[in-house]
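Everything on this sheet refers to the single structure shown next.
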């Protein structure tokens, strides 16, 4: 595995935002994303998928550092105040770096 | 995204522990946690959610280095010997660091 | 938590590969793995678990750097061309490092 | 009392006692789907049997309820409740829209008493679902041009509850009484049982709202209990005026007095994100829903009977 | 043989042959829920029809079985099985508690033969679920004051199986035979079919225990096959002494001879974590459950018939 | 038209209109399971009622269809469709194998018209599922010895659809008409309703294939519409020659004219990974399946009637 580094950006937020966030990621130019269902607790209380869209999703994007900053900034501006959401990122080494511009 | 670093602590363990672990995390002072369902294999054999609580959960906590050590230590002492469990952690950069004391 | 470092290798791929990948990981000597269901989008289009095995899985393996390279290489050779798949890895600190040879 | 209502009570008790009883989300979805399709199919078959006139006019009258209610609720929430604009608009949207589960319990209530109702009621259920949400969003947004109406209306109109209701209506109408015979065992015979399981889950969900209630408390509780009856009275009056039967008048009262907890929360969460979603949900699901199924429906039936001069 | 049992065999074969057949957990939950509610509702209706006396005394007798069995099992597991204290206590808890699925197959067995049973049996099912778990934990913990009994008892008493059984009983009793008519299609008519699907999944699960069996093998297999009959004989004797009918006596034998695989594993995993959970589960689910549904129930019926002097 | 088919249309419309209507995967699995078991059980009961001779010979004739069809499809896909070897072989496997959902709609079609069919039809469904997949893999792999046949055949033979069909057949046969009476409410009475819900989801899935269709377009659409009828004609002819009734002949035509979307995609994805899975799936599920349930089945019935000289 070549030591080529990308950012792994992880967003945990409300399930109801899934369509919007997918659209946003495409618009900003991410080459892909991975989503799984989650539940949790944070400053906005307990969120559990027991009932329809009251659960969380966990979105992961592998991308360049630059794109990661832009995505994070977009999320912060559009969703951070009104929705349950956390964002964090870390470096990962990727196979086939050309897949993640 | 300001380069403010926190720990991301990940625990993979038996689903039956979920209520206990949530309580523990709150007691130790974590500002939140994220949980998703998982299956897997380890030293205690295959664990699959095919049936009621025989599956695993995957718990993530973003917190200070200090708190991460205390949580890990607590888990090690109370659960590590008797339950299927692994724990690992890595550095992450977070948005709104004040959310994760 | 002792500062003992391992690799966390993450594979996102088609759900239909789950049995094969579990077998491979065991054959290559991984001490365990964790799997959860996911959906997503990449170069091979949208993949959603709406219907039987059309979804993704997210496989995590904690292991030595050496083993991580071998797993990644095996995946690259056997699956990367024909299946939807991404692979990335990062360093993690583990509790009980002897569990992850 | 109809035994299905005890299932709600069971769920409520289990939830409040922190039982580990849970209904998997997939099962909740299945039950919802079956209820919506069953209501639609039944309505469609009735429409096929007895064609009706004057539907357009009746429909307009019903629609007007959907526009009126949120305009009545909003000032109450702002003035008496001292809620902000967003939260008041959200409450207005929830109470102007309707609850399918309450409607289903109303249908079961009438069936138990062998009271028939007008075949167009499921259609009116559909008509009442949308307008209040639009009015609620307008109340919150006013001048702001930030709402993507196209996308939003598409999401509401093609939301699963409307698709399944309208789809069921269409299939029932196309297939007619003969055609749906083979679907009867699943959709009609199991209706009460499915409703029972659904209400069990509703009880569990309502219990999970109790915490919010304890905190934000008194006003929401009063609001949730006091608002439905006057709203239902409006519905009953309109129903009586447009010539519905006692059963139909009761159901229109039920619709007017019920509050949405599926379509409205989803739409408002997207269009009015600054509204606190748990306020409206707690009032609608934690207070008004139980009030309606335990006390409201019999009251609304009494009102309808009185209007029709048949005593209660 | 009752066809529902073949569904268990089908699941077992599919599991052993490593078929990719799986029952989604959500469906397993739905089926469990329907079985528990159906058993409860049926019992409640019967209770409403025929009020009974002497329930308190009968209940005490039944409770005593729950306290007795684990005390009999523990020394066998420690002495003959050479298991440690924790594992022995865990086995004791599992075999002292009861299996709802086995009870359901017993009910189906009696229904096939038109044998009625006493209306209080579902109540006894509830009574037998808890005591053995408490005794098992005491056996494992002794002096240790480390068990949080309050939390634990709450979890057992408000565990979903007891909530649904007791809830079903209460609703059935409140609604009476008339009231539950509308729930009959879902809960009673589908009972056997739901049981069949449930047993299919049980077969798949039992097959997944086969590996453990191959490893820890002989003793567990012998234990799982030899223990149920004497335990059931105790149950049958008590049932006969407290005046149950042949059907009731059979079902009390079934309860005594069955081993828990829902309530006990969950509680023991938390309270006695050092016990190996797969030992008890394999014995209970991989051996005793199939033994009971294939061979045990007919034997227990024969015992009950003999005690009642009616021949088998 | 049979109302269940409107459910497919409803799903299709909802999917194309981008409604948020979704069927949870767990429910899809439950519905599939119920359909497969119901078809198997029904066949098994019929087999138990009326033992038949010459099954071996009939079976061979049916098997030969499974080997023949992929050999006919492959050159068409390569020559006319200009697809590569892997994609052509994949199409051959999909169209040679069969669709249980189409069979179920065929069964419902016959039931509506009170036309009986030969009891061995579910057995033939099983026989036709596998051979074409094997031929398809051979066509793609040829000399290559890279296929792990043992593993692959195991996966196909113990795949859930064959396990449930054969298991249902065996249980129905063992239990006989009397024995399955208690399973009737779930498996037989609800059949049409379950099929309706299943087709709703099939419509949603078919809609999700529309994008691929728009891209790869014309050939797939033509292929999916034009191929079924000749294939079905082969099936009808064989059915007529081996002495099936009009109903049985119709169903064998349905099987021959239908394309797999469960067993084949899974097996081909593993054994011929370089084939583009969405090509075959789009043709099979997005074009041929709707074509068959709307137009194909009546046509195949007409062909069968003609062959039997009974006019359509």
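As written, the chains take the letters A, B, C, D, E and F, and residue 1 is the first residue of each chain.
Quick note on the criterion: a contact is a pair of C-beta atoms (placed from the backbone, for glycine too) under 8 Å apart; a residue touches a chain by one contact, two chains touch by 3 or more.
Keep in mind the model is a prediction, meaning the values are calculated, not measured.
The minimum number of touch steps separating chain B from chain F is 2.
Between chain D and chain F, the least number of touching-chain steps is 1. The chains in contact with chain B as well as with chain D are A, E.
When you average the Cα atoms of each chain and compare centres, the chain farthest from chain F turns out to be B. Centre-to-centre separation of chain A and chain F, using mean CA positions: 40 Å. One simple way to say how far apart two chains are is to compare their mean CA positions; for chain B and chain C this gives 19 Å.
We define each chain's centre as the mean of its Cα atoms; on that basis chain B and chain E are separated by 35 Å.
Within chain F, the positions touching two or more other chains are listed as 22-27, 29, 185, 190. Among the residues of chain B, those touching two or more other chains are numbered 36-37, 90.
Listed by label, the pairs of touching chains are A-B, A-C, A-D, B-C, B-E, C-F, D-E, D-F, E-F.
Of all residues in chain F, only 24-27, 29-30, 33-34, 154-155, 158-160, 163-164, 167, 170-171, 174-175, 179-180, 182-183, 185-187, 190 touch chain E in the complex they form. Across the complex, chain A meets chain D through its residues 14, 16, 20, 45, 49-53, 55, 79, 81-83.
Listing the residues of chain C that touch chain A in their complex gives 10, 12, 36-43, 56, 58, 68-69, 72-73, 75-76, 80, 86-90. Those residues of chain E whose C-beta lies close enough to touch chain B in the complex are 22-23, 25, 28-29, 201, 204-205, 208, 262, 266, 269-270, 273-274, 278.
Those residues of chain B lying in contact with chain A across their complex are 1, 6, 8, 22, 26, 31-37, 62, 90-96, 99.
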